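Chain lettering (A, B, C and D) follows the sequence in which the chains are written, and residue indices restart at 1 in each chain.
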Amino acid sequence: MSTAVIGVSGYTGGELLRLLINHSKTELVGVYGKKSAGKRLTELQPNLVGFEERTIKKPDYPEIGKNADVVFTATPHGIAMKFVPKILEGGAKVIDLSADYRLDDPKIYEKYYKKHESPELKAVYGLPELHRDEIKKAELVANPGCYPTAAVLSLAPLVKENMVKTDPIIIDAKSGTSGAGAKPSKMLHHPACAENIQAYSPTSHRHEPEIAQEIGKLVEDEVGIHFTPHLIPIVRGILSTSHVFMREPGAEEEVLDLYQKFYKNEIFVRVLKALPQVSSVVGSNLCDIGLKSDAKGERFVVISVIDNLIKGASGQAIQNMNLMFGFGEAEGLGEIPLSP
Amino acid sequence: MSTAVIGVSGYTGGELLRLLINHSKTELVGVYGKKSAGKRLTELQPNLVGFEERTIKKPDYPEIGKNADVVFTATPHGIAMKFVPKILEGGAKVIDLSADYRLDDPKIYEKYYKKHESPELKAVYGLPELHRDEIKKAELVANPGCYPTAAVLSLAPLVKENMVKTDPIIIDAKSGTSGAGAKPSKMLHHPACAENIQAYSPTSHRHEPEIAQEIGKLVEDEVGIHFTPHLIPIVRGILSTSHVFMREPGAEEEVLDLYQKFYKNEIFVRVLKALPQVSSVVGSNLCDIGLKSDAKGERFVVISVIDNLIKGASGQAIQNMNLMFGFGEAEGLGEIPLSP
Amino acid sequence: MSTAVIGVSGYTGGELLRLLINHSKTELVGVYGKKSAGKRLTELQPNLVGFEERTIKKPDYPEIGKNADVVFTATPHGIAMKFVPKILEGGAKVIDLSADYRLDDPKIYEKYYKKHESPELKAVYGLPELHRDEIKKAELVANPGCYPTAAVLSLAPLVKENMVKTDPIIIDAKSGTSGAGAKPSKMLHHPACAENIQAYSPTSHRHEPEIAQEIGKLVEDEVGIHFTPHLIPIVRGILSTSHVFMREPGAEEEVLDLYQKFYKNEIFVRVLKALPQVSSVVGSNLCDIGLKSDAKGERFVVISVIDNLIKGASGQAIQNMNLMFGFGEAEGLGEIPLSP
Amino acid sequence: MSTAVIGVSGYTGGELLRLLINHSKTELVGVYGKKSAGKRLTELQPNLVGFEERTIKKPDYPEIGKNADVVFTATPHGIAMKFVPKILEGGAKVIDLSADYRLDDPKIYEKYYKKHESPELKAVYGLPELHRDEIKKAELVANPGCYPTAAVLSLAPLVKENMVKTDPIIIDAKSGTSGAGAKPSKMLHHPACAENIQAYSPTSHRHEPEIAQEIGKLVEDEVGIHFTPHLIPIVRGILSTSHVFMREPGAEEEVLDLYQKFYKNEIFVRVLKALPQVSSVVGSNLCDIGLKSDAKGERFVVISVIDNLIKGASGQAIQNMNLMFGFGEAEGLGEIPLSP
């Protein structure tokens, strides 16, 4: 089965290639980039020296759509929406790692990003734990954002069982710096960033409507998601802390039991009796979840952790591909977390 | 004016000495410790080589109380309560950096710590921005915890003006590792901690009742404080994120204006138009505060940052001493934050 | 083919298991530890939850030697030498990850470690790039130290071709903190270690004679190795900087060419035209090497990097096992470096 | 006494201001910058909010030279040499923090930097521990580089007493990232830099001739300095490791004694019996030095540490100013290292 990757100068593109190279069922037909065309891939992704030495090509979208069975698009937001229709016409399936097809409502996309250029295209939201059957049949998958992956997985059981109030749900998330991308900036300059913690977009981050959309689907209603992300000086990893309030007081063990049942067939979700730590999932496609109630069982804190570049981006994209093409869901994703 | 420090092997004791050495109005009569008696101070605090070379002495509490005008106690929780009465009898004033006298209700102390051994002693809570007049007259000051300092300062204006609902108030805080003390442990072992984020005591941390007590005083009512701390791999600094809900929708500029007025005479509080960052206060006694409302003005996120060892511990203790003895409040606390 | 691991509470033991679980040719018969017997493995290695759930057993050495084809010993120095003879008697091959069999001369072992308890046992030094043929036939392999792996690989071509003076060779190495093990200590306490650099054992580190032994074999003479290690606040990775002086001035390109030829058949050594960086090998079994001459071609700086827990320990042990049992040398070691 | 600072957008400019604000004998007449003119200083140096709120002005060099008693130039290399003559004409003394006047020989400057535009101007090399008397009388002081400060102080006693061979002297140095400046770049991008170590300019760094010049002055001869710097993921601090070979074997205690005598009147040099650590000097103007010999007393490893922005730049500039104007040498430099 043949794959192509468009957008290979950033972190998610590099990570996709790292995973694809060791995927036993696929063959890479090409790596593409507009600005990076003509460069050797290893100039931009030096960890791949000796593993994948090809040169980046200028993308001819219809051609790529004809030659590949699946095309991954790892371009910045606002780019894929311009050319995904052309790829689909060629016959390939598309997994878009940008935000372009994540939001069902083009008006919300326009509010948080920009005017959509292919609003008629409908994608399946590629969170396998919630949308597995649709993903299997999808032509176009919108790979979820890193924060929404962590947040939605940590809330789904409680929300779906209607056990928590859906307003307010406060999600206070902490991300490593690789989540902000490969482009140097003042905010990510090591001396300014290393011994620092900062919040950003604390009330209007682009991932808030994405989380609200997916949580809303679970209750078929509007929900009050209040999302605040923070930048933390680690390279990889997200820890998402959800503060929720129960409709009726509940016992910690029962809620934990609910989570274990909800995820019992999931390969990539581990429900823990302890509090999850970022370091226990980095390097893998896993999402670890744990929780704690207050003394009265009224407030629950649910914590989830992922590797933002794997389960939060490229690993999840591979997982979606595996589903779309009938491979084992864990094919190429067997890496055990690095520790320490 | 003469000072003594009991408990000099930890980080707050070391930081106290660093600040006292450069304080122009005080003279150190002795450094004391039970286990560390007989050692040179610089064995435990090597940064002080050349600045303070004395030997640690075994404490004789009544004697210390006679010889010093003020005694700082930087011992672990549950220790100072045994000997503070003896020091006070000697005539010295006491500033206790442990939790022993922070909670007004001994039953709450017993629930979160252990049985109190001098519950009859009443201390003034040493947060100068809220209790300046009482501190000036106090014989015994309970120096606030690091998290409560950051959280209470960030919430006081909105709570005192009765503008926010007092339940739920969610405080999601992030601390550097120096807050956990100088004793090696698995949790603070560099390989396990450096590329990691973790929550701890997410619903029952000891600082929750302390925050609730101080926020409660502002409204003279019970409040619903929900506090979750996280350990972040930086050495110094706390960032406290408060998620609050307004009684009536409010405008961001008006609330900011309220904060600026509330703190306009405070030397150590800077109300910023930008979001505060830990790196802008480390090395100083400052607390920076900033805030952001959601689109409707219903939910506010208020963020505050401090250096946990200075404004969150030893610097605040010096500030309290300055008030108790009529020195300039900023005496010995003029350090500008290190940047970067 | 069946394997057993003795010593699974530390970082090299955990890393061995992480690699063995994904090794397609082997089956684990048991995990053993004296102090940790009776505990679940995942209590000590929480990243393995869901991958390997067995309980640690008390070791019966002759029995283990009978049941396993190869036994990995990942115990602290001075322990394996007590029981390796018993395992060998059972019939298993042994790969010892400690220092116990690395030094050919028991007197040197005694000087740097302690009195040897099985000095009659002779091991093959398990650096495949230099001793591949002997490793294939070995019953007992001494897996090299992390620093010697990086240093010897970076010097071998120049030394073997007799192009550099063998005294002085200055090796100034920098290691991440995982190299110091899983046991909490003052030196590795996060607040003390995170924003710090320190040298340790700058003239008498235990790896100096090990490096000298291996470099000496290449010239069949005594050599003047001067080795100084430093602790750096990263989790994984060693960068080894060798400062060497040429017998005759040489051109950089020629020396680089020599290195490329020397290692052209090696799967795990990449000779780079650029200067190697730790981040380009972490997560893999690779060793990257680069070099630079001064203007006159008299002094060369040769730099090598490895992941100390993989090529510097457990990955190299797997590589040795693959050679000893006729598997593909890269079996189970195909991981591409994580980046970033 | 009045001061001016030209170049206030970088780290050394910001650090100068931080120190000058708390210097009791000076008054700031202005802050200047070509590109940053018109901006508020606190936009670029947010830690100074509330301490120094003035606006950056476009520099009129002769005017500045008339109005200030001393002018600090903290511009990039190759800039100050254009305007320092004009400032001197105005009557002010100048302390240049760039490399422009550090090298006595304009040809060497040209080789390592660019063609010099005011080669006729001769400066005093501002390392007070070696050139105090000349500094007191200087009109123009060239403030030393960060690496040379650490390296020269660590070698001076052994070299001056003619106890070590002056070729080869290997200096392997490790610097925090603030040494590379405030401008974002790929090399300093947090995800690429945080869990990484890298060497740069390993045989031809610009500080090599500067170190050779100063070490050469001590023996009045050419010396073979071999300098290799490394970038380490900490914010502040340099650790310099010098590997030297004795003319005659020497005892460690005697050499240590030599160092203690050599520096016995120096306020900012601490000769330690232990190995120095970066964390023991950060935040101060101190240089800590320690050493270790090999078993035979033939090879010594001398280690020094400084805060690169203080003793390695702005603190040393203040120390030079104090000498030039007859203030106490430690005036404004009393900060005790932050620990942890």
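Assorted remarks:
We take it that contacts are C-beta pairs under 8 Å (C-beta built on N, C-alpha and C of every residue); 3 or more make two chains touch, one makes a residue touch a chain.
Values in this document were obtained by computation on a predicted structure and should not be read as measured data.
Two chain pairs, A-C and C-D, are weighed by contacting C-beta pairs, with C-D ahead.
Ranked by distance of CA centroids from subunit C, the top chain is B.
The geometric centre of subunit A is 46 Å away from that of subunit D, both derived from CA atoms.
Computed centre separation for the pair subunit C/subunit D is 39 angstrom, with centres defined by C-alpha atoms.
The centroid of the Cα atoms in subunit A and the matching centroid in subunit C are 36 Å apart. The multi-chain contact residues of subunit B, meaning those touching 2 or more other chains, are 11, 176, 178, 182, 191-192, 194-195, 233-236, 277, 279, 340.
Contact residues on subunit D toward subunit A in their complex (touch as defined above): 11, 176-178, 180, 182-186, 188-195, 233-235. Interface residues of subunit D, counted against subunit C in their complex, comprise 168, 170, 172, 174, 176, 191-192, 194-200, 202-204, 226, 228, 230, 232-237, 239, 241, 243, 245, 275-279, 282, 292-295, 299, 301, 303, 305, 340. Those residues of subunit B that touch subunit D in the shared complex are 11, 14-15, 18, 21-22, 45-51, 178, 182, 195, 235-236, 270, 272, 274, 277, 279-281, 283-284, 286, 334-340.
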